[in-house]
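Below, chain A partners chain B and then partners chain C, in two separate complexes.
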Partner chain A sequence: MHLPSPGRLAFGGLVSAAFALMLAPVAMVMVISIFAQEIVSFPPSGFTLEWYINAWQRQEFARGFLSSLQIATLATLIGVPLGTAAAFALVRAKPRGGSAMQTLLLGPLAVPGVVAGTALYMFYLRAEFWLDQDITSTLQGLVAAHVLLTIPWTVRLVTASLQGLDRAAEEAAANLGARPFTVFRRVTLPAMRPGIIAACLFSFIQSFENLELSLLLVGPGRTTLPVAMLNYLEFRMDPTLAAVATVQIILVAVLMLITDRFVSIARTV
Partner chain B sequence: MAALVLPAGLLVSMLLVAPMLLLFRISLNLYSPTEMMVEATSAANYLRAVADPYYRQVLVTTLLVATGSTLLTLILAFPAAYWLARMQSRWKSFATVVVMFPLLVGNVVRAAGWLALLGNGGAINAALLGLGLIAAPLPLLYNTGSVVVGIVAVVLPYMILTLAAVIESIPRQAEEAASNLGARPLTVFRRVVLPLALPGVIAGCVLVFVLCMNTYASAVLLGGPQFKMMAPAVYDQFVRGNNWPFGAALAFILLGITLTLTVVGSAVLGRRYRRGKLEEAA
Partner chain C sequence: MGSLVLEALSKRYGQSTAVERVDLDVPQGEMVALLGPSGCGKTTTLRMVAGFVPPSAGRVLIGGTDVTRTPPHARNTGMVFQSYALFPHMTVADNVAFGLEMRRVNRAEREKRVREALQLVRLDKLEDRLPRQLSGGQQQRVALARALVVNPAVFLLDEPLSNLDAKLRGEVRMEIRSLQQRLGLTTLIVTHDQEEALTMADRLVVMERGRVRQVGTAEDLYESPADPFVAGFVGRCNLIEGELETPGGFRTATGALLPCIFGPRTPAGRVVMALRPEHVQIAPAEDGPARLQAVTYLGAQTEYHLDFNGTPLLAIRQTPAAEDPLRRLSNGDAVAVSWNPAAARLLPAAQPDGKGA
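On to the complex of A and B.
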């Protein structure tokens, strides 16, 4: 048996440090959420699940959670079909100006959230003035903003799955007598399916955890979970907040596990 | 069929392009304490952003924090990316998902974790006190260091995944050939792996630097009220200051730096890539 060389030790140390930095905060939140005492301190005086009940009884968290679920679901249901249609058109029809269009559709990823958020806020205020109707701090206003987050992810993921499809399979189906719609339903759509499922996962999570875009668009009576958490954390960090965060961690983990049954998540990036 | 691109295109034009044009127009207006905003075509807000010592300091802090965080991220991410890329067991896709997971959990949740780790009653201080290494809790939170740690943790997955994708495309034989010819591991890294992974290093650094520049949650929660970076400063103008034209100008300065870097980065990558292709053809 030989001792590991200093180089190997340094390599192992750096790899461990990277994983520790990424995972430690997530693990710590989960641990704190079951500590019995109200102020974060070690060692715990005992363990309890009462903070989860406490969190649900606080209106800002319960409402924020339901609101974020609703917004993320609606944004995904609207954005993924739009993005899928656009990706299909870009790959298949190869329209003139297609690459400019692609840049436009990926734009929401390139523009910093703070800039897009303030721009959208100003735009909504202007639109409210013209239309004489509330847009900021409404469900519609937030869903519209979050659809913007879902489009680039969908275009990217569905484009990738379409580029992997061999046109010969579609031609074979057509030559065997399948009508165009049948070819689309039986050959093209199944090929796009992994991309669409991955797009749903990423869209939902991007919307659910989004902070920057929502920050100026929330208002009295309509907030999102990340904004509610941020406002709370500016004053204190306690097991109640850790419980809320743990629920979000578990939600993301469950969504990833479900998605992984249909499509290998590791291969989507 | 090409028309299928229109709904998404219209939506992005209406909810991103139009609002940004409006924000740019607002950045040329002037602030008035009585009327909020006066129509004008003036560069005064941009000039103030670079001339005012407070905002110049905010910009300098942001650039320094982003540079430091990017370098630290690169140093930490490279070994992890190499390890991930060269992994051959069936755990590889699991390890990839483990890297992606924190990315999907959200910045606010992870900032909460750092508050619980670094706070006065937090895990690290409790451990040090318990071991008798310190007599009073160390002030680990609300300084530049805690912000950098928070940011590095947030951007590490992006860097690791970007680098791993490039390292995976480097043939193992290149490394084996070098070490068979007597190169030590560090030389193999310096002369073979690093040069071949350079496109990934550039792409990863540009992506991560841009993300660092635009940090919001980590700066606000881990830096405390005294610590100011660009993104929180932009929001302050809209939430507290009500000086929309100046806030808009700050936003466009941030966007300008971000887009310039992205464009320069992809131009450098594009040139390298084409040159590589030419050498291949010749």
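On to the complex of A and C.
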């Protein structure tokens, strides 16, 4: 066995430092969630699961969790098919101004959430006036806003997976006797599948974790989990929040792991 | 199984013509190569036969049936793509079974035929692999098996060897040819590699800028090319521009008078003299009219690049023995040049841009 070169050692150190920097807050939250004392301080006076029990017993977190789940699911179910269709059209039909359209579809990624949220809020108020119908603080309004979050990810991921497909494979299928729809089902769709699955995952997470966009659009009794957490923070500062965050982190991690069993996330994204 | 007939097949894209009135008759069991430089329309022609490109005019007949308006999936052609185009998410066996599945062949029969097809291309051990786990040569053989397993009426090959390394190319060439002959497949192969075409096909179709220049066997094209383009594209050839002088011979553009034989079919006026380099004899001579510019030793053969009164001339001789005076020639030496006048073919110079090799 021989020692790694100084260059390799430095590189390894840098990578470890980067990971440590990224994961430190996450680890911190998880650790704090089991500290016994109410005001976070070192060293801990003891460990407890009291905060998890507290979080579970507080209605706003349970309800927020459920409504976040509902909104993220709906936004994903609506946004991913829309984004997939858009990606398919962009790659295959190559419409005039396609690259401008693509930039537009990726736009929500570039606009700060608070700005988009405010803009949507003002737009909704105006629309309510014209349509004489509630939009802000309705489920529909919130889902529509979250669909906006899902589209850029979907367009990006599905476009990439489509571009990776050799068109000749579709011709080969037709040559072997497959009708156009069969070609799509047996060759094109499987090629898009990793992109679509990854898009579902990212869309769901984007929506589930979103705070800024939802902030102005949630209504009484329909608070999402991140908003509920922020509200709680305004009045209290105890590890209950860390417990909620830990549950959230674990949920996302589990989703990632499940998805990774079907498609390699590192290769698709 | 069936014959393939193309009738005045044309494809135009707006103003530009990709394929112009191609006529071709491929009887059952024959292998025909479409040969030409890139952009000559050979691939477009093949794709019109497969049904991927709708012709602007003309007809395609497979087994006597007009399939010009038939969609690709109903044509019963078996195509091997340049990129192989395997289905990346399916195993080797599933790739090969796809065409049978589309033809609603039952499972037992399907498995039997897939096994046979894979044995045919010697891949029966790898049926559970995915395409990305195979080498280029293996992928190529899967593509062959996939196209052959459905017993296509016409077998289509689009530059099938261009992604293989030189050594493998030679092997696969023999393999495809022997498969084709054993199974009696009516085959159309597209290639830009004349060696590939000469060694594999029964007949060759030389195309240039959308038009067929000449159709014939390898010997036909090599020994009696119809025009300077064919002469230059099939094998190597000295193409010397000039004019006929009667009586006398052929006057090159640079003014030299060269021996040649006039025949009843000799074109008049501006002509190109086509002279295969192996027909050019050379000998060291103090007062010879040509100068040696470069000698390329190729083992069995040696190439002599000459300057003949301003006309470049290539001679290919068997590499001379050690005591042969030719062996002592070096660059700049004067050389005498001769050839049998019957070996020099006079071709019409109608194509000013029909450059030779």
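Basically, the second predicted complex is superposed on the first by the 246 of 269 C-alpha atoms of A that agree within 3 Å, B and C clash if a C-alpha of one lies under 4 Å from a C-alpha of the other, contacts with A are read in each partner's own complex, and residues count from 1 in each chain.
Methods note: a contact is a pair of C-beta atoms (placed from the backbone, for glycine too) under 8 Å apart; a residue touches a chain by one contact, two chains touch by 3 or more.
Predicted model only: the values in this text are computed from it and were never measured.
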State whether chain B and chain C clash or fit side by side on chain A once the two structures are superposed. fit
Touch test for A:253: chain B only (first), chain C only (second), both, or neither? first
In the superposed arrangement, which partner chain does A:173 touch: chain B (first), chain C (second), both, or neither? second
Looking only at contacts as defined up top, I'd like to know whether chain B or chain C touches more of chain A. B
Once the shared chain is lined up, is A:131 touching chain B (first), chain C (second), both, or neither of them? neither
In the superposed arrangement the C-alpha centres of chain B and chain C open, at the centre of chain A, an angle in degrees to the nearest 10 of 90
For chain B against chain C after superposition, the smallest C-alpha distance in Å amounts to 18
Help me check something: in the complex, which residues belonging to chain A touch chain B? 7, 11, 14-15, 17-19, 21-29, 32, 39-43, 82-83, 85-86, 88-90, 92-93, 95, 101, 104-105, 107-108, 110-123, 126, 144-145, 147-148, 151, 155, 205, 208-209, 211-212, 215-216, 226, 229-230, 233-234, 237, 241-242, 245, 248-249, 252-253, 256, 260, 264-267, 269
Of chain B, residues touching chain A in the complex: 1-5, 7-9, 11-13, 15-20, 22-23, 26, 75-80, 83, 92-94, 96-102, 104-117, 119, 121-123, 126-127, 130, 149, 152-153, 156-157, 160-161, 165, 185-186, 210, 213-214, 216-217, 220-221, 230-231, 234-235, 238-239, 244, 247-248, 251-252, 254-255, 258-259, 262
Chain A residues touching chain C - in the complex, by the definition given at the top: 166, 168-169, 171-180, 182, 186-187, 190-191
In the complex with chain A, residue positions of chain C that touch it: 50-52, 71-79, 81-83, 85-89, 98-99, 102-103, 146-147, 150
